[in-house]
Amino acid sequence: MFLARVEGTVVATKKDPQMQGRKLLLLRPQLVDEKDPTKFRPGVNTIVAVDSVGAGVGELVMFTQGSSARLAPGMRDAPVDAVVIGIVDTVDVLGRIIYQAHSARG
Amino acid sequence: MFLARVEGTVVATKKDPQMQGRKLLLLRPQLVDEKDPTKFRPGVNTIVAVDSVGAGVGELVMFTQGSSARLAPGMRDAPVDAVVIGIVDTVDVLGRIIYQAHSARG
Amino acid sequence: MFLARVEGTVVATKKDPQMQGRKLLLLRPQLVDEKDPTKFRPGVNTIVAVDSVGAGVGELVMFTQGSSARLAPGMRDAPVDAVVIGIVDTVDVLGRIIYQAHSARG
Amino acid sequence: MFLARVEGTVVATKKDPQMQGRKLLLLRPQLVDEKDPTKFRPGVNTIVAVDSVGAGVGELVMFTQGSSARLAPGMRDAPVDAVVIGIVDTVDVLGRIIYQAHSARG
Amino acid sequence: MFLARVEGTVVATKKDPQMQGRKLLLLRPQLVDEKDPTKFRPGVNTIVAVDSVGAGVGELVMFTQGSSARLAPGMRDAPVDAVVIGIVDTVDVLGRIIYQAHSARG
């Protein structure tokens, strides 16, 4: 899985019937910076994922890709290759908390 | 999933029997620019995807890759790893609409 | 799927029993150049794919990757993650034919 | 599979029910340096994987991605695309041991 | 599939039960150089794959990734996403043999 920031939403009316009623989130992966492990480095690609946990813009989430994404509730028969499966509380790198959900919203 | 612009079409007469009658679209992924989130940055790769929603050249679409692509209608037994599953109406990034289908065609 | 040029062949006598008798083609992906959409840019990686449509060296083909590759005829039980599923006739980008099989051989 | 160093942990309370009780590790892939095969080069991306072998921060592990990750014990129905499946003892490159677990902890 | 050179081996005692007794090879992908198609260019990443054909260090092999890797003999229930499925004899690029197993060992 990858960590990502929810940066926005996508709306598509004309779509696969199995996609009806699913909230589409625009994600930007967040990688722990290889030069400074106390912070994230934003990924260069943005991905569209189906929300399955009620995530909102600005939150740090965890998403799954590929066929495993269809193991999220109600996705088994949907042509979906990316699903948000968790909203992150904390990220600890080498014994140091580099992300804490509440302080991120402070 | 990824967002992409339909840039063209591919025709292949000699192909897998399961591919007969399927429209093949040439897609260029569109990523939200990491330096300027008010616009897209075109991807460097182009991908061939089967159309499943009647998308046309110039439209912004959403496509699925891998085995999940075979969950689109009629694709279950086809050797297909990329399918267009939606035509995008709007993309909202950090509270700002950066793409609106109608205005894109204006 | 991706477009690719068949650049060569691979022979491996000592191989998985399911791979016996399958022609192995060496492919170089071809991407529509993001700076000049009237031509292709060769990819930097080369891939080995099983031929399923009688493709030859020099031809522009379309190949499928991942588990979907096993949906090509006779591949269901083979440890194969890339199969050529079509020989390309034409590629049209933004209303302009940038590849035509016959002229490519002229 | 890839080799990776466990760099940290991720906690997410609001998550897919199938993810309850699973330890989430933050991994940094380790690639054998192509210019100096006596050492590793850290990857630029960090990945979140479920632990299935009791790995701890600082250890060199092996992880599996994609649908194969769900073949680890108890993962079959979880929306998981990366699982740690081994803790590495030694890595030998071109006849030379470039990693030995005990000495790494010395 | 990809071509790769076997560069070494990995040993992990504490691992998934399904991985017991499997030889783990460290592979460096070999890509035909896009600037000089008479030779290979080594990939920058190294991958761990299960051996299924008795490959040794120094040999040029072909490996499969993803769920297809589990179609190799005895791998169906293993959390494996990369398996060596062939030992390469020859590679012909644009009508010229750029690799021949015996001469490689001469």
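The chains carry the letters A, B, C, D and E, assigned in the order they are written, with residues numbered from 1 in each.
Just so it is clear, contacts are C-beta pairs under 8 Å (C-beta built on N, C-alpha and C of every residue); 3 or more make two chains touch, one makes a residue touch a chain.
Which chain is which protein? Per UniProt: A, B, C, D, E = EutN/CcmL family microcompartment protein.
Only a predicted model underlies this, so the values are computations on that prediction, with no experimental measurement involved.
Within the contact network of the assembly, the step distance from chain C to chain D comes to 2. If you average the Cα atoms of chain A and of chain E, the two centres end up 33 Å apart. Between the Cα centres of chain A and chain D there is a gap of 20 Å.
Shared interface positions of chain D, i.e. residues touching 2 or more other chains, are given as 43, 66-67, 69-70.
If the chains shown are joined wherever they touch, the resulting network closes on itself as one ring, and no chain has more or fewer than two partners. Here the chains link up into one ring; start at chain A, go to chain B, and the full order comes out as A, B, C, E, D. Against chain B, the residues of chain A that register as touching in their complex are 7-19, 24, 26, 28, 42-49, 57, 66-67, 69-70, 77-82. Touching chain A in their complex are the following residues of chain B: 1-3, 29, 31-32, 34, 37, 43, 52-54, 62, 64-73, 75, 83, 85-95, 98.
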